[in-house]
């Protein structure tokens, strides 16, 4: 039994609220227990310089924590004139995760900006950001699709992410902050609905881990990812029927 | 009759939610119609260098808009390595407004950080920030007071803010974005519950205005401020009884 | 009787020197007592991106204090890689004030840069900057006009600015630093020659103020603005005859 | 057979040159085929603020590429005033990898700075940096140890890193740039001499990968890591006898 | 005969105004023809970290051009977040020149800040800055000396600077902008009153120069420096009697 | 006899290695005793804005020291968000030196980037950079020339640089760090193979110097420059035959 009463292989309660704010083409509030992230998807009708003239689109992500989303106040990046390294890592991860399931050639010369702003942080903000941002992305893509249908629906798969780790020798799914801060091994797993890996990042900074421990963690992660994809489907309802069909109507 | 059906002297619906996030000593979501701002108050047990050793405290504010709080996405400050001028102006204004009603000597050598993060912007974000931040400030001050009572309760007055302006020749209270963008004269008024001015900022960039127009605008502002202070009282209930008493129990 | 022997409603001695440096299209040294500001107006034959192709011009201002314009040396912005908030506020104010009296459509796709560099600061540098910059602006506009006459003279009004405040319970016009630092209420007023307001910014950070106090302060400000416009006329002589005529020869 | 004639499970020629520059406490040039990185370890007798007074030491890494270490010239970070995200990620990875095998309490209140400067880049610069930096770290730690012996030798394990990936459906060890740019799956593995994982980072941005593919890749990585630890031992000779003994003489 | 009627070995008219602004411990306006620079010397009762506890003082300089001191407007450094290289070079030169004639041990743990702000630039701003800053430095040092006399007067020599160059094959003293922009060889010479060199910087970017040409240029520079030291003595009158005496009363 | 056994007029051993890294169009490692600098020349097929459309090319240099190229670790510029002044000075010097011997009109609208990265610093890094960069420049220019021959070979002269100084009253050629740190006078001389000066920078910060001392230093510098040009010729062999011929085959 864990700190908050969960079983070792249980997710925290997941809540996905669509249309959370009114301007973004896709706007989602995702809550994983006490972790709360606003994920907005915005469409911009141009691409970064390296894609100009290629006909391909781009998806890029920015991640930020409100200063008091954490137990003690964290100064804003702009106050130090530097993005911190962790933030950089996370926004690169979110971008890669979403691009992995989208056909950017079909998107065309547009950029989809994903903004993940953490309102309250209780562990797992980067994985919650990916899971929530995917739903916002679907809403934004559908908005384009309704205006001017794609020949082929550009989203090939669902993608969701979850953390796993080893705390006091026990393998746990979906760590909250309390657990995360005591974890000897910490792993983030990004998976598709077909249960393939898009990204694995595992760190045993204080304690190297073995192949068999890795396998158990991946098993747990797979279980979590499956439930999260289901939560995305429940939230999107009829709006996700096109995903992976390769069709467009 | 206005764009959204309001009378010229009517506020938009005001909603103040306390304890909006769980870590901040004071945490408020304020909604003025479609404008939504999270106002967090954080206590730090030290002061800026210019106050060290004086026994006095400080209140400082930071203001930020989520990139997609607006109709088109606004890049983050950190992406340009510069805080924009409007942001600077607003956070200085919020800080002055709150300091004007607090006895900083009583606060002692602490800083209260006010973070106003705009989730959705539909005009009047700076005035909503002040009105909401005041409530967060009261909650934070009470948290100190409960731990270790002040000799004298340090908050002397309520403070709230509202915008007024002239649109198509008509004086209006509490402008939404649509109105604000057409206003020839635009004024922000910060007032106490005793209906004194803490700050007046009026601009007629496209159209200078006369003394009598100013007087009508101030009249409207006073009406709005009165209602906003009432909304603060309704939200704070028993937790605002000490304000202005100069007592501490 | 005040600190420097002035009456409560008296300006400090005003001195406006045109053609102060040789390269700028308009170059003015304005002295208000011991406050000295160089105001240069420069013409650039292009506009910021948001105006490209609109046929409209722009006026923008930058404000800076020499490090030792003040009693103790103030580090340069570049040493901290940040413009300070006060500077931002002031340069935005100067820009708005000047744009309020100019028809930017007539100016055409040009930018007029206003640089206000404070040589010596003794209170009222922002208001002196506006008053002096207006004269530099007229000189720059006339330089364009002589080369290639406008159909309609683009400057509609004079604009000047002055500070007022309450010190030890007394309302004062044109505060010097000594007075400013003791003021409970501090107000900057920007007015046209037709005695309409372009901008009012009043702060009672340490002491809220009432409507009747506001009225007395505005009265004082009006008196000061009237004298300052006269000083501008005296300095410009025949070179200001076109202002507000709507004609061009 | 690969591009450069190697077998799928072969490393490129590894060359580790110690004492490469004369000032650093540890200085190594590591060459993995055409990839060349200078790894310097510097000792500083103080720690970052968050460790002051704890008695613990710290290891931190910086990574940089010479502008022309790559096929086309890459501007320096300082020219853009921003560290790029990839650089951030890499230097955080190097730091974690080295800290994972060192007892920081034994190091005491000192910082060991690891500087990895890439002279020539042909794929695998981050993994080469870790493998080379470990050797520089041992030299630096020995320098302290000789001056003033630790009670317990602070380095518990060897650590080395290698990349693996899937190119045209084939799993490959130690990708060169040519291969890396075509890889559908790309993974960096950091391992100890006891063949435990310190870090796994695998990305299938363009192509998700299955559990069995993952297993094959880990197998390859293990083989590579084993050889790299041997190369470290060959380079260090007698100077690595203390590692993992927990003794100090 | 030159552009402005001067002989090849003539300086432009030199004018040195002391006490130009009222706050700085030393404040000088130097005019060399149309080149005008405000040189302020400020005393700060602390030293940079590398001198703390040594008992030695420091002299450091900052140089800046007003945006419209030049024929076309030059953006401020802060707008680009970068000091330009030329500015850096010049302020380092001014600092070295002044430190070369002062006994920093006698100054004690204080910093003298020299701010050179160019109001109008017509060539030779860096040399005018040095010549003018020396006079401001003497005033600042005397201010300390009067409050609390030094045992030994800390200024050992006068120091002044001048430019020389080769234009259309002719060697010229004290180049104005017109001449400077056509010069094939350009040299700045910093000398003491004993006609020794403190600094020589000569560049023949477009045209290398010979030893004999160098000698002629140095001859011209010596002549100019002699006159400039005389101008400093004329400006300082009785206030420079202590210089170089090694005495203190 | 000097610290390292050299005569007063002797250079340290010079070693110039061409093709040091594989991507740059010119890549040189220059060693002057213990000072080691990588000098890479890169060709970019565009010019800075101020040269667009002129048909002229540009040569620009960047200089950097690895953090541990020096006895104690020097933080990277990016960590402070500022290029330090010395670095700026040096890279401007390198750029001027190389441009002085190249006909930029013949180069055409291209930029040649020179990157000088100091691996190990033992005095004289700026002069070694110039001497080494010249060889890299020749290799880069020849690479263009072989692809598409210039009508006239654009390099007019060799250029090399050396330091001289006065230490304990003795004039020395090519100072190492130990000597440099004790030098009262310090001079850098950039010369062509025809023994003309391209740049002279001499500083007597702690001790002004006389004309006759200057002459002796220049004599020494000339001797050093002669040997360095010979070392460049030895390194370039047949690849420098075109220099100064004004021919192209």
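Residue numbering begins at 1 within each chain, and the chains themselves are lettered A, B, C, D, E and F in the order written.
The rule is simple: contacts are C-beta pairs under 8 Å (C-beta built on N, C-alpha and C of every residue); 3 or more make two chains touch, one makes a residue touch a chain.
Note that the structure is a prediction, hence the values are computed from the model and not measured.
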* Can you list every chain in contact with both subunit B and subunit E? -> C
* Which of these, C-E, D-F or B-C, makes the same contacts as A-D in over half of the contact pairs? -> B-C
* To do: Would you mind pulling out the distance in Å between where the CA atoms of subunit A average out and where those of subunit C do?
  => 51
* For subunit E and subunit F, let me know how many angstrom lie between their CA-based centres, rounded off. => 29
* **Chain centre separation in whole Å, for subunit B relative to subunit A (CA means)** => 34
* To do: Two or more other chains in contact with one residue: find those residues in subunit C.
  => 81-83
* To do: Can I get the ring sequence of chains, opening with subunit B and turning toward subunit C?
  => B, C, E, F, D, A
* Structure fact -> In the complex, subunit D touches subunit A at residues 82-83, 85-86, 88-89, 91-92, 96, 99-100, 157, 187, 191-192, 194, 196-211, 214, 218
* Complex contacts: residues of subunit B adjacent to subunit A -> 21-24, 27, 34, 36, 38, 40, 42, 44, 62, 64, 66-71, 73, 76-79, 81, 83, 113, 115, 117, 119-120
